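Consider the two complexes below, in which subunit A is the common component and subunit B and subunit C are the respective partners.
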Partner chain A sequence: MGSGHSAHLHVDGSSLLHRLPPQVKLVGLLSFVLAVVSVPAGSLVALGCLLALAAALLLSTGVAPRHVAARLVVSLPVVVFALALPFVASGPDSALGPLTVSSTGVTAAWTVLAKGLTGILSAVAFAVTTPPTDLVAALQRLRAPALVVLVLSFMVRYLTVVTQELARMRVARESRGFRGRGLRAWPVLAAASGALFVRSYERGERVHLAMLSRGFSGRLPETSPLTARPGEWATALVPAALALTASVAARL
Partner chain B sequence: MSLPVLDVRGLAYAYPGGHQALFGVDLHVHAGERVALLGPNGAGKTTFALHLNGILTPGRGSVTVSGLPVTGDSLLEVRRRVGIVFQDPDDQLFMTTVRDDVAFGPANLGVRGAELDARVAEALRAVGVEDLAGRAPHHLSFGQRRRVAIATVLAMRPEILVLDEPSSNLDPTSRRELADILRSLDVTVLMVTHDLPYAVELCERSVVLSEGTVVADGPTRAVLADAELMARHRLELPVGFSI
Partner chain C sequence: MHVPDGFLDAPTSVATAVLAAGALAVCLRGARRELDDRVAPLAGLVAVFVFAAQMVTFPVGAGTSGHLLGGALAAVLVGPRTATVCLTVVVAVQALLFADGGVSALGTNVLLLAVVGPWAGYAVFAGARAVLPSRPASVPLAAATGAWASVVVAALVFVGLYAVGGAAPVPLDALVAAMGTWHLVIGLGEAGITFLVVSTLVAARPDLVHGARPVLGHAKLVVAQGGRL
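Let's turn to the complex of A and B:
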C-alpha cells in the first residue's frame, strides 16, 4: 500500500517489523507497553534494559534517524516533566554535584522517563512500519467496535479530501486579496470553517447514500481478512514476554 | 415485449420540506438499451435516480426492477440489480484502497474469498484499471476515479447501470475513453446527463425530464432535433455542434 497519504508517519521498508501482520504487531505493542508499565518503580536496571530493547526495535526498522527524530518530539513533555521531578519532589535530600535533589524524585524521574520513552519508542516503531490503512484493518480483525473502525477508516480516507478543500478555499480567499492576519481576519476564518463543516457534513450524507446503494447494513465487510502464522504471533510477543519477566523478577 | 428491466409508473415525490420534485414519471427501460435521461439543472434527474434503488421512497407510484418491486423487503436485491454511479467519485469511493472499495458491494451481498477476488479483478478489468487495485482512491486522477467508481458497481453484477452525469469534469480524452468503456459493457444503461453530445454518442434513446415530468421520449437524434422542445426545456447543444 502506498505511503503518500501516510507520509507523516509510515515509511516503506522490509524489516522484520514491516513484515509482521499489523494485528499481530498491534497486540505485541499493547501487551509490551502494559508489561512495561507493570514493572515496579525504582527497578532501574530492568527499566533501562527495556528502554534499550525499545530503542533496538526502533533501530531495527531501518528508518532514517532524521525521520524518527522528528516523530520523537512528542516525547519532550515527558522528558521535561521527568527532569523537573528531582527538584520539585519532597523526601530525603541528597547531593548531586553542587545541587541538592530529592532522592525519591530521582527514582521517580528515572521511572517516568524510562517507562514513557519505552512506550513512545515502541509506538513510533509501530507507526513507521504500519500504514494507517493497515491499522484500520488490524482493528477490524481484532474485533474493535464497528463504529470505531468506520470512523477511523473514513478519517484515513477523507483527511486528504478535506485538507485539499481547505487549501482551495484559502487560495480562493487570497485570490480576492484577503490576508489572514490580525483580529479582523477572524470572522472570515470562522465563516470559512463553518463552510468547510457544512461541506463535509453534506459529503458525509452523500457518502452514506453511496454506501446504502451498495448494500451497506451497518458494518464494514471484512474484504481481505488478515491472517497470521503462530510463529509471527510468537515473534511479536517476545518483547512483552521479556518485559513481563523483568516485572516479575523485580518483585522477587 | 419482454419484462422491462426498469418499470417506473406514476412516480411522484415531494421532499420533506414540501418541495415537489417529481409529478408522476413513467419510464420503461428494456434489457440491452442505453437510455439518456436528459433535463436542465433542477429537473429532478438525481431525485429520480435515487428512487431506482430505493434510497428515496415514492410518495405515489411504483418502481419495479425486472419484476421485483422496490420495497423494504427487497432492497438488498434491488441494490444489487440497480447500480448507481454517483456524480462525484469522492462520494462513491469511501474505502481506503481501490480493491477494498470495489469489494465493498459484493461483500455486502455475502461474497467472500476467491469469488470476491475474482469479482474485483473482473470489474477492474472491465474499466481497464487492473493495475490500480492497491492504490488509495485519492491518489488517482479524476478520470481514473470515475472509472473505479463504475467498477465498484459492476462488481455487484447489476442488471442496469445508472450513471449520474458520467462525463462531468472529464478532459476530452478521459471522456472519450469512458465512452469506449461504456460501449464495451454488456449491461443496460440509464445515463442521467445534460451533456447532449454524450447522449448522442452513446444512447439510441433519450427521455427528457423537465420540472418533474417526462416531456419527451424517443430516438435521441429525433428528440434533440426538435428545436422548439429543446428551447422550452432549457436544453441546448454546444455551439458548433449539429446532429
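Let's turn to the complex of A and C:
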C-alpha cells in the first residue's frame, strides 16, 4: 500500500478503452464493479466469467504485463483473507484432507477472491487507459462538487512535484550517511515528513497567490467540455449489463 | 487498510457511499472556515502531502516496516473538515488511478479513512488537549492519543460494517478480537509517527498546526518609543 505509488499507471495507447471518453468509462467502471459485487455468493461460474471479462478488458488495452504486474500485488490482502475464510467462518463443517473447514467459508473464499480480483483488474484497466487530467475532467463533467474537483486537480498536478521533493530529501539524508534501520530512524523520518508538510503548505500559499494574480475566481474553468455519443455510452455499459444479467440470472 | 471489492455486499457498499457523501457535503461547507479562501490550493497540497507521507516507510525491525495512514495527523494539522476533504480525494485517487482499494468499496473506504479516522482522531485529540496542561508541548501527546484512537475506532467500525454486510459469517467476537488486537499494535505505530511529526511542526512552525492554536496564546505587539526595542 505504501509503495509503488511513485508513477502514474497511465500508458498512451489507441485501444477501444483508450478512446472512450473518461466520464463514460468512469460510469461504466463503477456500474460494472457494483454489479459484480451484487452477484450472490456461490455463483462461481458467473463470477468466473466476469473475472475473465475483466482480464480480457485489461488485455485489450495492449499494455505490457510487466507494467501492471506490480500493481496486481495489491491483490495480496484479498488472497490472504480468502485463504483464511474457510478456517474462521462459521457454518457446517466439512473435511478437506486432514483439515476441517467451514463449507460456507470455502464458498465465500472463492466468491471474495473472484470479486476482489475482478475489481482490481477492471480498476487497473481504467487506470492504464485514463490520464490523470482526464479523471479531473470526467468528475467535473459528472458534476462532482467544485471544491473536490479543484483539490483533485491540484493533487494530480503536484503529485510528482511533491514525491520528487520527497525523493530529494531521501538522497540528501543518505548522502549524509543516514541508513534507516530500526526505531532509531523514526525521529529523522518524522522530521523529514514534517519538513515536507511545511514545504507543501507554503507551496500551496504561493500557488494560490500566483493564481489570484492571474484572475482565479475560485472555480476551475471548463475549457473543453467533454462530450460522448450514445454509442459510446452503450459500449461502456456493456460489461455492467453483462454483470447485472449474471447477477439476476444467479438469483432465479 | 483499504477495503477491496466484494468484502461487503452491494447494499452495504451503497449505504456507506451515501453516508460518506453526506459527511463530505457537510465538511465541504465547513472547510472554508478552517482555511478561508485559500482552501482549494492548500487543501490540494495537503492532500498531496498525506499521499506522499504514506509513502515514507518506517522500519520496525526484522525486515518489516509500517507507514502513516495520516487521518488524525491531517485533522490536527489542518482541522477535521479540511482533513476529510483531503483524505477523500486521496482515497479516490488511490482507487481510480492506482487500483488500490475497491472501486465499489470507495464509499466504505472514504467513510473509514476520510471520515471516521480523522473525526475520531480529532475528537480524542481535542479531549486529550483539554485534559493536558495548556502548553504547546501537550499538542504532540494529544495528537498521538488521537492517532491511536483513530486507527482502533476505524477498525471497529469496519468490524461493525462487516457484521452487517460481510462476505461470509465470521463469529463476531473472534473478528473483534483479531481486528482489535492487530490494530491496537498498528495504532501504536501511527501514534509514534504522529507524535514525532507534530513535535517537529510545533517546534518549527506552530502557526501551521491548526490543533495548536488554542494553546499558543497571543504574542503581544510591542511598539517601542523612538524605534528602540
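Convention: the second predicted complex is superposed on the first by the 210 of 252 C-alpha atoms of A that agree within 3 Å, B and C clash if a C-alpha of one lies under 4 Å from a C-alpha of the other, contacts with A are read in each partner's own complex, and residues count from 1 in each chain.
Methods note: a contact is a pair of C-beta atoms (placed from the backbone, for glycine too) under 8 Å apart; a residue touches a chain by one contact, two chains touch by 3 or more.
Given the structure is predicted, the values throughout are model-derived calculations rather than measurements.
Engineer: Per the contact definition in the header, classify A:S90: touching subunit B only (first), subunit C only (second), both, or neither.
Structural biologist: Touch status of A:S90: second partner only.
Engineer: Given the superposition on chain A, which partner contacts more residues in subunit A: subunit B or subunit C?
Structural biologist: When the residues of subunit A touched by each partner are counted, C comes out ahead.
Engineer: Identify the partner contact of A:V248: answer first if only subunit B is touched, second if only subunit C is, both if each is, neither if none is.
Structural biologist: neither
Engineer: Looking at the overlay, what does A:A64 touch: subunit B (first), subunit C (second), both, or neither?
Structural biologist: Once the two structures are laid over each other on A, A:A64 reaches no partner at all.
Engineer: Considering only the touch criterion stated at the top, classify A:T223 as touching first (subunit B), second (subunit C), both, or neither.
Structural biologist: It touches subunit B, and subunit C stays clear.
Engineer: When the two structures are overlaid on chain A, which partner does A:R203 contact: first (subunit B), second (subunit C), both, or neither?
Structural biologist: both
Engineer: Using the touch definition from the top, say if A:A52 reaches subunit B (first), subunit C (second), both or neither.
Structural biologist: neither
Engineer: Applying the document's definition of touch, where does A:R214 land relative to subunit B and subunit C: first, second, both, or neither?
Structural biologist: A:R214 sits against subunit B, while subunit C stays out of touch.
Engineer: When the two structures are overlaid on chain A, which partner does A:P77 contact: first (subunit B), second (subunit C), both, or neither?
Structural biologist: second
Engineer: Using the touch definition from the top, say if A:T104 reaches subunit B (first), subunit C (second), both or neither.
Structural biologist: The second partner, subunit C, only.
Engineer: I'd like to check the shared interface: which positions of subunit A are touched by both subunit B and subunit C across the two complexes?
Structural biologist: After superposing on chain A, subunit A residues 1-2, 4-5, 132, 153-154, 156-158, 161, 203, 207, 211 contact both subunit B and subunit C.
Engineer: Could you list, by residue number, the parts of subunit B that touch subunit A in their complex?
Structural biologist: 50, 53, 55, 76, 79-80, 83-84, 86, 88, 90-97, 99-100, 103-105, 107-109, 116, 134-139, 152-153, 156
Engineer: Help me check something: in the complex, which residues belonging to subunit C touch subunit A?
Structural biologist: Residues in contact with subunit A: 1-2, 4-10, 13-14, 24-25, 28, 31, 37-49, 51-61, 67-68, 77, 85-86, 88-90, 92-100, 102-105, 167-171, 174-175, 192-193, 196-201, 204-205, 208.
Engineer: Could you list, by residue number, the parts of subunit A that touch subunit B in their complex?
Structural biologist: On the subunit A side, the touching residues are 1-2, 4-5, 132-133, 136, 153-154, 156-158, 160-161, 203, 206-207, 209-217, 220-224.
Engineer: Tell me, which parts of subunit A touch subunit C in their complex?
Structural biologist: 1-6, 8-10, 26, 29-30, 33-34, 36-38, 41, 71, 74-75, 77-78, 81, 85, 88-91, 104-105, 107-109, 111-112, 114-116, 118-120, 122-124, 126-127, 130, 132, 135, 145, 147-148, 150-159, 161-163, 165-166, 180-183, 185-187, 189-198, 200-201, 203-205, 207-208, 211, 218
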